[in-house]
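Since the structure comes first, as structure tokens, the remarks are kept for the end.
Lettered A, B and C in written order, each chain numbered from 1.
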Amino acid sequence: MKVSITSGRAEGPTKLNAFDNALLNAKIGDINLIKVSSILPEGTEVVPVPKFLPGDMVNCVLAYTSSDVEGDLISAAVALATSDYFGCVVENTGINRDPEDVKNEAESMVRYMMDVRGLNINEIMIANESHIVKKQGAVVASVVYIG
Amino acid sequence: MKVSITSGRAEGPTKLNAFDNALLNAKIGDINLIKVSSILPEGTEVVPVPKFLPGDMVNCVLAYTSSDVEGDLISAAVALATSDYFGCVVENTGINRDPEDVKNEAESMVRYMMDVRGLNINEIMIANESHIVKKQGAVVASVVYIG
Amino acid sequence: MKVSITSGRAEGPTKLNAFDNALLNAKIGDINLIKVSSILPEGTEVVPVPKFLPGDMVNCVLAYTSSDVEGDLISAAVALATSDYFGCVVENTGINRDPEDVKNEAESMVRYMMDVRGLNINEIMIANESHIVKKQGAVVASVVYIG
């Protein structure tokens, strides 16, 4: 399995459009995302976001939040951990929380997931994004499963 | 890719059963719906809802809302836009909003999605439904991806 | 189609980790769950949860709730019904409700789903779980579609 890790943020005329713009900013806006939980098969390789065909069906773990309150600080993070065997992914979001905390919490949650499974971590990768809302804002962070 | 656009509404003894009845009313109640976001591949054709086999796994964009407050006006809408290249879909719902506004907002959001992607719209299609709740009511609107 | 019905409960250092631990407790923690609604194809057979490969993509109906309020009684239930033709599944959850009510409500909802479809029930199976929260607790109940 190849996966990519990415994040994005945007404003838009509605919260849905801000979300869509944030997906475009993360380079995963022209595909059909199917949300899954949270395990990376053995031998997973992390690669840059590929050029998808528009409308491709793509499984992903997706952290997403939005707000229409001016000045809100919105954050999204995903963390993935790999081992010699299989790996784990977590998503995390926050509104008006320190983005560093949202990121660190994602890391600590994925470390715990690996720990309860007795998996020794080879590598941790995190994608995170934060944004101060002007009118309607959204942030996304995602691990997409490429196949 | 062939897709269908449909909507439905219903009452039921619980909100979940009202939702299920609304799916039946929309002719998509006997399948397994998998929610996806929101892109139509190049060459997408819109066709009437086909006769599925019970239990088929079917990707869809689904707008859904329900209420158990007597007199609530609930609305759901999906809007799809096609171009010579690829297309977009949005979902929208409202409670005690003018159903025409919910529908128009869906249209304006899908127009914006096409616009930010530089796609010239060939056609817009909308399915929308509204319902005044008696006991437990639900409305759905959906674009289902047939394959 | 083969399906399995299972449930689990757990505490964890965060609500997400409690959820993950509950999935592990239900023997479906090492896979990627894709949520679907709620129909069992003709000829569905219910089998024990198989040994999945870590990271398998698995469709499921998932009832899930969590709480970080000490003393909360949290419950999740799924009910499936089979017939000579096809079958139905429902999910149900509750916080500080009698777990027996959450279970019975799931059963009555799936009976109603079969009834509106004119299907004579051969068998009903229910998986349910409840848990009194210590710090962060989660319960899950699921019907997983094996293929």
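Rule of thumb we're sticking to: a contact is a pair of C-beta atoms (placed from the backbone, for glycine too) under 8 Å apart; a residue touches a chain by one contact, two chains touch by 3 or more.
Everything numeric in this text was worked out from a predicted model, so none of it was measured.
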{"item": "Same or different contact residues where chain B meets its copy chain A, judged by the half mark", "value": "different"}
{"item": "Superposition of chain B upon chain C: rotation angle, C-alpha, nearest 5 degrees", "value": "120"}
{"item": "Centre-to-centre distance between chain B and chain A (centres being mean Cα positions), rounded to whole Å", "value": "26"}
{"item": "Junction residues of chain A - those touching two or more other chains", "value": "34-35"}
{"item": "Residue ranges of chain A touching chain B (in the complex, touch as defined)", "value": "12-14, 16-17, 20-21, 23-24, 30-35, 53-57"}
{"item": "For the chain B and chain A complex, residues of the former touching the latter", "value": "1, 34-42, 44, 59, 85-87, 90-92, 105, 108-109, 112-113, 116-117, 145"}
